Each structure stands twice: as structure tokens, then as C-alpha cells.
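One chain, chain A, links the two complexes that follow: it is found with chain B in the first and with chain C in the second.
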Partner chain A sequence: MSTAATRKVAQPAPAEVPRTRPRRSLRASSTFNFWLFTGPFLIGLVIFVFVPIVWSMYLSFFEARFTVTPSEFVGFANYRQILTDTDFRNSLVTFTVFAAFIVPATWALSLGLALLVNRLRFMRAFFRSVFFLPTACSYVAAALIWKMSIFNGVRFGLANTVLDWFGVENIAWLANPDPPWYWLVIVTVRLWLQSGFYMILFLAALQNIPQELYEAAAIDGAKPGWQTFRYITLPQLRATSTAVILLLLIAAYQAFDEFFNLLSKTTWGQPPLVELYKMALGENQNYGAGSAGALVLTLLICVVTLLQGKIMGFGRGEESK
Partner chain B sequence: MTTTAPDIKKATTPARSRRGGVIGNTGLYVATGIAGLLFLIPFYLIVRNALMTDQEITGENWKWFPTDIQWGNITEPFDDVTVDFAHAMWNSVVVAVLHTSGILLVCSLAGYGLARIPYKHANKVFYAVLVTLMVPTAVTFVPSFVLVSSLGWVDSYRGLIIPGLFSGFTCFLFRQYFLGFPKELEEAARVDGLGYWGAYWRVVVPNSLNFFAAIATITFINGWNAFLWPLVIGQDPSAWTVQVALSSYMTNQTVNYHLIFMATAISILPLLLVFLFLQRWLVQGIAQTGIKG
Partner chain C sequence: MSAMSNSNWSRRSLFRAAAGMAAAGTLAACGGNNGRGGSSGSGKNLVQYFHAYGEAGVEQAVKRYAKAYKGADVTTQWITGSQFEQKLFAALLTKNAPDVFEFHPQIQLVKSGQVADLTDIIEPVKDDFNPADIKSHTVDGKIYGVRMIDDPQFFFYRPSLFEKAKIEVPQTLEELIEAAAKLKTSKVKGAFLGNDITPVQSPLIWSAGADTLTEDNKVAFNTDAVAEGLKQLRSLFTSGNLLLDAPADWWDPSAFTQGLTAIQWCGMWAMPAMQQALGDDIGIFPFPKVGSAGKQSVTNGGWSMFVNAKGDNVEAAKEYVKWLWIEQKQYQEDFATSYGFHIPPRTSIAQSATKLKSGLPAEGVKLFNEFGHFDNIGWTQAMISSINDVMANSVRKDGDPKAQLAAAEKKVDAELKKLFG
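Take a look at the complex of A and B:
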């Protein structure tokens, strides 16, 4: 940001010169060009990002079922309803449990895969592609494979087939409301889908670690393996690790696709966005409460992002370049 | 982590890995190989189930491969009367292509304007864009739906595509990229009498194709795989994208395994092609930008 500011200050103001020649003035005016370039985007941003947020603030204070132009003002009733709703509060618990598993698991697996791939001499590109390939798969398709083929609660599912070889009884993975089985399904599907992506980030970071550090450590007698990993690799990856963890957290907060498809007919394991979907687009079409819920969730994620800003600096990625 | 001391001679090669002995290497390849196999199992299952009969899939004993490959299954999703799969595929193609081209056009222009065109309030505008980064679009789907439905855009391509075009994050990425674009090239264009607009299209864009390709690849994948917004907007089956269609298979009364998996295979195929041919840009894009979506 600071670089941008200095660059802009350093620019001469070409807008002043052509004012004497009206024919060229518009084309060369930097103010006009600024709006020409950014205008379409900014108009869209106002209409499709700012207006909906303001509108939903308005709706959240009204009784708005099946209508988006309500007339009955209800004050904070929607917010009270949301915050006392057990389903909504349970969804925050679901998110917390989910994040507690998926964030460390993805961090560890993607870092582990990056370390493995980074040490390969042959077939490195091949294995990188293999681990990265799930990124091409949608959450819906993956949920379908998990639900219909791997963790199918009946005998012919792959997981139950494998368990059967060891004499273990069939497990009703998703149909059992008691943890931990449905969590295993939910967490593994996302783990498979996103680990390769974060592996790429870690690979890039690993390749930026100066080789001299390892050479110096070897001369100082550090044992390769755990010691160099603990005292060189891990500290050097700190910036990437922090970024990855926060990205994972925000992604987990927005989890919808796999929960919606894997646990479509259940009452357990419902994350915030699924609750919101049911509230606003389910049978009741309660836009008032739905808007209030959306704003509460937005507020929560803003707090997380601002904390991130405190830790990492605003405008992520900028400082690291 | 079973490596022996680093081999100084080989450490001069560009690869940054520490060198292991034969045992260390074998262990490394075995571990990587096992992990790789585990990662490929879901893809294997798609193909296996797609080319089997339902009797084989649900049969008493697990079969790793179909006895007779059921090539006839390939056309089944298209003949299915309950879900218009062909139409859903077409919708996905339209949505993903227009979504990608729209985002590239709108966000790159804005990113260039913010990065390069002097304007005294440019910083304020940039902060307004940054603020939107804090609010993930997925969380605001209710307000967005309210707006789009009052515009009458439910069940239409407009509703599926246009609200997603104004990505503050993509704009931000383009701005960062253009800040690092060599100024001399634009100045040369300016000397040749081109305005901002001309310089942008004749000099800046042609010299930034790698970055555009990287963003395009990521955007296309996200557009094709998007589910929540298409689910909200596609109330009528005629507006379903392929992801919504796949999702509907899972809640159908009768489950037709081979058909469902064939449909899944067909829905993934375009992205596998993108992966095979555009992986270079994709990896570059992720490493450069750090984030998708």
C-alpha cells in the first residue's frame, strides 16, 4: 500500500496539460481514464455487494417471510430469534468442532506432502500432479463419491468392505447421529479436496528457503531430519503457515457443499451456512431472520479477519512479496 | 525423515532437496507412492462404478474391476428422464465460460486503474474494494439472493453469472500484479501516442498473458465447481448447473449407481482436461497469488 501511495504521488499530473486542447482532453485525462477502467467494476461492486448488505440490514429489522419488501417493523426480534435459536447456536458448535479437526489436519497433511514431494528427484512433477488432482474435483462430486461409494453405510461400500476383511461389523457412517463416524466422513472429504492446493503453497515456500541455511546447519552439526526440520524448515515456513491456517479457518467457516450433500436428510452436523440456507430458502423463506443470521455471521468473520490483520498486516500477501 | 548427511556435490543442483541414501530414498518413494495411491482411490472408484452394472457394484463380493466394461453406460445420463443432464452440462459450460471471461475483463481493468492511473481519490476507492475482502461472498448469499430475486433474475444465466463478477479479491490480485508491471513498456506506448486505453490493450494485456491465464484457470475451476449460488438461483431444473444436478441424484428416491457415477465422471472430465493442459499456469497462479476463490 505504501508503495502504491508513493508511486501515485511521484506521478506528474498529466490531467492539467491537455486541458488546453479539448479534442484530446478526455482521452488523456487521468481522472476520466481512472473511472473508465474502474467504473464497471465499482458499479457492480456497489450493486451486488454493498446494496445487498445494506438491504439485508434493513430486512433484519422487519418481519419478512416470503417477501423482500416488508412493512412490519420488529426491531431486534429477528436477532433475538437467531441468537436464541438452538439450531443456529449448534451450527456454531459444529463449525468449531469441524475447524478444530480440519485446520490442523490439512495443515499437517499439506506440509507433509510438500516435504515428501520436495525431496523427490524423479517423478516429482508426477506426484505433485497426483496430490494436486483433487483440486479439479468439486465438493459435490467428492461428497457423492464419499457418500455413495466409500462410506456407504451398507455392505458394499469400500470402507465397510475393507473393515469386513478384518472382521469388523458394518458401520452406518452418516446415518449415525453420534460422533465420531460422520465426522470422519466430513473431515476426510475436505482433507482430500484441499490438501493438494495448500501443498502447492508450501512447496513454493520450501523452495524459497535458502540452501545455505541447511549447509550452515550441517556444518554446525545439526542432524538432518527432525533437527533441521524443527529449527530451520519450520521457522522459515512461519509466514506461509500462518496464512494457510487463516485461509483454512475462513474456508471452514463457509463450509456448505459437503455438509449439504452428505448430511442432507439429517438433523446433526449442520454448519452455519446450511442453517442459514434452511432459514431463508427452506419452507419458511424467512428473509428477516436469514438476513439477521447472515449479518451475525458476517460480523463474526470480520472479527476473525481483523484479528488476522492485526497479526499479519492488512492486505494479505502484499507484505510477503 | 530418514536422510543421511547431505551430499555436497549434488547439493549444487537446482533441486533443493537434501540427498538420502538408498534406504532413505526407497522409504521416501514408498511413502510417497502409498500416499499417491490413497489420493487416487476416489478417481478410481468413479471409473470403476461408472463402467460396472449395478449388480456388480452392490454385489456380495467386492470387485476391483468390471467383468465386462459397460461402455453403454456412457450415454445413460443423457437418456435419463428424471434429470436433464445434458442441459445441466450446457448450463455449466455457459456459466463457467462467461463467469471466467467476465471476471477477467472487469477485474483486470479495475486492477489496472487502481494500480496505474493517477487519481487523487484512488486510495479511497481502493480501501472500499479492500473492505469487501473481509466479507466472504458465501456468507452473504441471503442478501444477494434477495437482490437478485427482486431483479427477477432467478433461474436465469444473468442471475447465475453477473453477481459473481465483481470479485474484490481478483481485482486486488490484478492490482498487485500491475504494480509490478514494467513501467517502461507503457511509457514507450505513450510516446507512440497511445492513451491509457490503447496502451492497456496493445501493450499491457499482450505482455501479461501468463498472469491472465493463471487467473483464468483458477476462476474457471471455481466457476465450474460452484454449488451454493447455483443451488440458490437454480430453483427450476432448467437452470441447474451440473453440480446441482449431481446433488439432486443423491436425494433421488431410486439410486442408479452406475448412472450417477458416469454422470460424475462426465462432470469432472472438462476440469481434468484443464488440469492436463493448463497445470503449469495453475501452479504458477497459486504460487504467485497464494489463494483461490
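Take a look at the complex of A and C:
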């Protein structure tokens, strides 16, 4: 939304000048336009993002059970509690496992889809839309479809029906953690939901690669296929790849919906946000410890993001071209 | 570019329209849809929370009762999904908290001043209530909730399948596990105890001769017999004879009526739907004995009405609860017997409820009276969660039952200390 708003600032004013003379001064005032278009979003951002962040910082230093307006200052006790909490530490392990699966898988799948769609001669728009469509689906709805129709444990579940053709016994995908089939369910649902979106990013980047590079390479004797892909396409996609991996990591940190809806009453497969949700909004309603955990998590995300930027060179994309 | 510039205008106006709509939508979201409905002549607005009953018509019935009340405008929030308690607890902290809500008696709600004392509205008809339902809502002589329905939970089975497999109704947990093995075919699983096995956690404890808490609120579930029972359940879980990951969970009769399982742990509410699907081919039995010192058991669950003591309309809410759940007996009977089957906690209504007098429902009432364990107000959600963890770690996973029970005891002890000192 905000990109649409800022783009408007520069363009439409001159075009409308002749017809709307009385409003000209207002229209032309870029300061006014700036606030007009960013104001509503800024207000929303302050109320729904910045105030809660500051508030949870405040809460994290208080004994805040069953209240969000606490009075008993406890210093760093909540932080001590959260950092020694095995459930919270396990949730970080769970997240790491999850990220190790989902980030490379989504990266590879969306890049693959983008390459396929990019090579299409006809019906490109159709396939682009079809692959992008799942992005519009809600995580909760998708999780329920995965749980109740595709990966349910009864004989007529889709996955079990397919296994049955090969004479394999029914599998309880989610109820039985041994072997941990639930990872398959969780990773596939997210893969289906988000690959299309990242495919669009890759597609845009692919179309930005100058055709001359390929022509020059062909003249120099580079074989089409793997060689061209490895030495031209992939390096040219470096900036986009870095951004995609960063976005994927952050999205993985925010994982909640599918875990919450797919795994009921388990002690395993609980990523940090589910753990914090249980702590702050479960039966203990411990907002102090929950806020402390949220801040620890925020700090972790910042550190990982910065590190990743350092290693992969985020923001240096332009020079590397 | 020049070819495109013509379409630029329409695109721009499209953006403008979209931005306008988004802004308007945000503003609109602030205004309406806060669940309180419009104001009307009667003045007071009340909000009530109900979990989503699965039977057709219950939601309409609850709204119909509310509409018939003249003292206030009552809006019903029908909370779907399986996490009713989490949504309720979270909502109770906010300004949008319900004035009236259904839940189970749990003492932390009393200790934190969350639920209002309803002694004065119940006292006049106290003798008409099942004494166990009064006891489970009483703390220090004050009564904090009005029981609406009692819901016994037990096993349902298909006698025809039992005959075919030549087995008797299981009396012990070993026999149940054997029965599940004999009943299992390529199409039908032996038994269904809920997707996460937690519905049978309390019956397992009771049937092993233990209890959740003692009379004076000390841990009573950590015994060798319970650990042995958990071990047996683990063997059932891994046997492949148990139905797992059913699309509809244990409270819904679908798994049973669709022939996915021969035995299912469910509640009396599901009887009408089961009878419609299977006719007379339904039997019931309590959770079987665990170990030699055990005794069969049935969960006497149910739902009660509470008034939010921290709400703005405590008196109006109490008036409404008194009107509907004390005075309006025809609605109470309608609620208990017209949709799913529930046992009315009031003797006068139970006596006139002819639907529960014969056949399968009558057997359910018998199990309720003979083997039933009522809610213990001292057994709170946090304690229930710690036993949920035991079920997850030592039945669904291969954790040592004794170590898991000891860990749960530690957690429950901490809760008890917070509540009772």
C-alpha cells in the first residue's frame, strides 16, 4: 500500500493542474501530500507496533501475571526465568530445525518455478497466477486442509490413499511423533503457501538480467543450460537471493499458525512464538516473562539478520553486478 | 512506454480507489463489530461466550433464549475451534471481556476475583440441584457458577462388531487393548481415544484407583498403578489398532458413525446423532479397571454459567443468568434434551425429561450415577495442562511414565502452593 502512496506524490500533480486550479496549492504541497498519504499508515504503525513494543519492554521488567498494568518491579528476573526455561530453549532448537528445512527448500523451489515460468512461450500469465495464488490463502485455512483432508490418519486421507496403492500401512502423520512425520506436513504446507510469492520476486529479477549477457556468453562458447545458469543467471540473481533468504528466515522466525493448528497438546514442535503465546496467553497469563521472551527473540532476529547481511552482502547487491 | 500512458490514468485512479477503500476499511473496523450489537430500548448490553456445540440447532437455541430476555440486549459470541479456554482467558483480560460465559468450575477464577459470587440466586433452588454439582462450584460456602448441563463421557461400542469378533465388553485395560486388536480390520480400527489421547487422562487416573487431588488438595495421581496404566496405553498407541489423526476429534461422533472405529471415547451429547446413524447397534461402557486395585470410571463433565465479576454489568449479568438458568425451566430442558443429550443438573427437570428415561440414554444416566467423577474445582487448567504433557511424553512419545508423573507432580504442587498456600 505504502509504495502506491509514495509513487503518487511525484506523478499526478502536473497532469491535473489545468482542471483543478483552486486546489492547486494544496495538491502541489509535497509536505501536505506526504502526510496525507503516510499519515494513516504511520498512525497505525505507532499504535499497533511501536506502542506495544515499548509496552512489552516495560512489562518485561515487572511481575505481570493476569494484568498488563503491573506494579511490582522485578528487574531482570523475567529474563533469567526465560533464559533458563528449557521449553523456551527447546523452541529455539525447533526453530533452527524448521529454518534448516524450509529456507533452502523454498529458495530452490521458488527459483525453479521462476525459471520454468520464465521459459514459457505461451500461457505465462496463467502459470504465474496459478503458482502465485496460494499466497492469498490463509495459513489457518491451509493448515486445516492439510490436517483434515491431505494428511489425516484415516484410510481415505489423500496421503494415506496414495500410500495404500503401494501397500503401505496408514500413517498417523501428526499424532505420532515417532518417526517425526509432522515435519513433512508443516514444511509442505508452508512451501505451498509461500513459494509462489518468492517465485514472483525471482521472476522479476530474471527478467531484469540483460539479454546481451547471454548473447555474449553464447558467442564466447558457453553452453546453454547448467553452465549459463551457474555463471550468469545465478550471480545476477545474487541480490534477490539474499533478500529472499533474509525474508524467508524472518518468516520462519514468525512461524505460528501452522504449528498452532497442526500440533495439538504436544510437547514437541513448538517454535518460539507458540511457546511465548502459551506463556503469555495460556493458563498462567505471565505477561512479564512472555514479554522478556519476545524481546530476547527480537534481539536474536536482529543479530541473525545482521550476520547474514555481513556474510551474504545484503545491500552490496548493486556493486556485485 | 507511450503505448502504456493511456492506461496510466485508469491505473492511477484504481490505486486511489484502492487506497481509499483500505483507509475506509481500517476506520470501519474501529467502529462496529465489537460484538456488542446496537443499542436498543432496554438499555443494558450483555455479551455471552459459548464454545461451539457440535449438534445442529444449539447456536440458534442459545440465541433464541437470549432474544426472549427482556431485561437486556444479550449478544452471543459462538467460539469455534478447539481452544475455547485460551480464547476465554485472553478475552477476560480485555475491555471486550464477556459479561457471562460458560466454563468449568476452576478455583483460580475464584481466587483472582474473576467470577462473581452467585450464592444469592442459587440458594432458593439449591436443593433442586444435584448436590455434586453444587459442591463442585462451592468455595468457602459460596457458590460461583450455575451448572447448565452434566455431560458424562464413556466408551461407545458396536455390539454387532463385538459379536463378530467374539469378544465381551472389556472390564480391564488389558481386555480393552486385546479387544482393540481383535476388532481391527483393514477398514476399521479397534478404538479411538481422541487424536491426542488427553480425553482419557482423568479416567485413567480414576480407574487406577488414584485421583487427581486428595480431599485436602494434595497430589494424588502419582502412583505406580497410574504409571502402569500409562505404559499399557503406550502399547495400545504403538499397536496400530488405535485410530489416530481422525478428521473429526473425539467429541464428534463421526469417526464412530462412519465406521472408522469399533470403540470410541465420546460423550452422552453424541447419542442422538449416533442413534440416527447406527440405530440400535450401540452400546456403552465405562473406562475399564487399571490394575487390580482399580475401579471403572466415567467423566462427569459439563458446562456451567459464570458471571464476569470484573465486567461493567455484573448485576445485569446476574439477573440474566438467574432468569435463564434458574427460572426458565422449559429452556433448560430444551437445551439439555432437544439437540445433543445432556443430563439436567436439576432434579425436577431430570425427572420430567422422558427422552433420558429409556434405552441407551437411560444406560448413560446409570453409568453417570454409578461410576461418574464430577469436576473438582481445585483441579485447574494449569494442572490439566501438566497431565496433557504426561500423555504427550509417555503415551505418544516413549518417555518414562514415572519420571513424567513426577515432573507433573512438581508442576501441580507449585500451582497448589499458589492457590492454597
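As a working rule, the second predicted complex is superposed on the first by the 250 of 321 C-alpha atoms of A that agree within 3 Å, B and C clash if a C-alpha of one lies under 4 Å from a C-alpha of the other, contacts with A are read in each partner's own complex, and residues count from 1 in each chain.
Rule of thumb we're sticking to: a residue touches a chain if its C-beta (ideal position, glycine included) is under 8 Å from a C-beta of that chain, and two chains touch if they have at least 3 such contacts.
Keep in mind that this is a model prediction, so the values were computed, not measured.
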First, second, both or neither for A:V68, with chain B first and chain C second: both
Partner chain in contact with A:P40 - chain B first, chain C second, else both or neither: both
Touching partner for A:A239 - first (chain B), second (chain C), both, neither: neither
Which superposed partner A:S264 touches (first chain B, second chain C, both, neither): both
Residues of chain A touched, compared between chain B and chain C (which is higher): B
Touching partner for A:A216 - first (chain B), second (chain C), both, neither: neither
Touching partner for A:M148 - first (chain B), second (chain C), both, neither: both
Which of chain B and chain C A:A175 touches, first, second, both or neither: second
Which of chain B and chain C A:N284 touches, first, second, both or neither: second
Chain B/chain C common contact set on chain A: 4-5, 8, 11, 37, 40, 44, 68, 147-149, 154, 264-265, 281
Of chain A, residues touching chain B in the complex: 3-5, 7-8, 11, 13-15, 27-28, 30-31, 33-38, 40-42, 44-45, 47-53, 55-56, 59, 68-69, 113, 116-121, 124, 127-150, 154, 156, 158, 161, 192, 196-197, 200-201, 203-204, 206-207, 209, 211, 214-215, 218, 224-226, 228-229, 243, 247, 250, 253-254, 256-257, 260-261, 264-265, 273, 276-277, 280-281, 287, 290-291, 293-294, 297-298, 301-302, 305-306, 314-318, 320-321
In the complex with chain C, residue positions of chain A that touch it: 1, 4-5, 8, 11-12, 37, 40, 44, 66-68, 147-149, 151-155, 157, 169, 172-178, 264-268, 281-285
Interfacial residue positions of chain B with respect to chain A in the complex: 1-6, 8, 11, 15-18, 20, 25, 28-29, 31-32, 35-36, 39-43, 45-46, 49, 57-59, 62, 106-107, 109-110, 112-115, 117-119, 122-123, 125-126, 128-130, 132-147, 149-150, 162-163, 165-166, 168, 171-172, 176, 179, 195-197, 200, 221, 224-225, 227-228, 231-232, 243, 246-247, 249-251, 255, 257, 260-261, 264, 267-268, 271-272, 274-275, 279, 283, 286-287, 289-292
Touching residues on chain C, where the partner in the complex is chain A: 12, 15-16, 18-19, 22-23, 26, 82, 85-86, 89-90, 93, 108, 112, 187, 195-196, 198, 237, 240, 243-247, 255, 260, 380-382, 385, 388-389, 391-393, 396-398
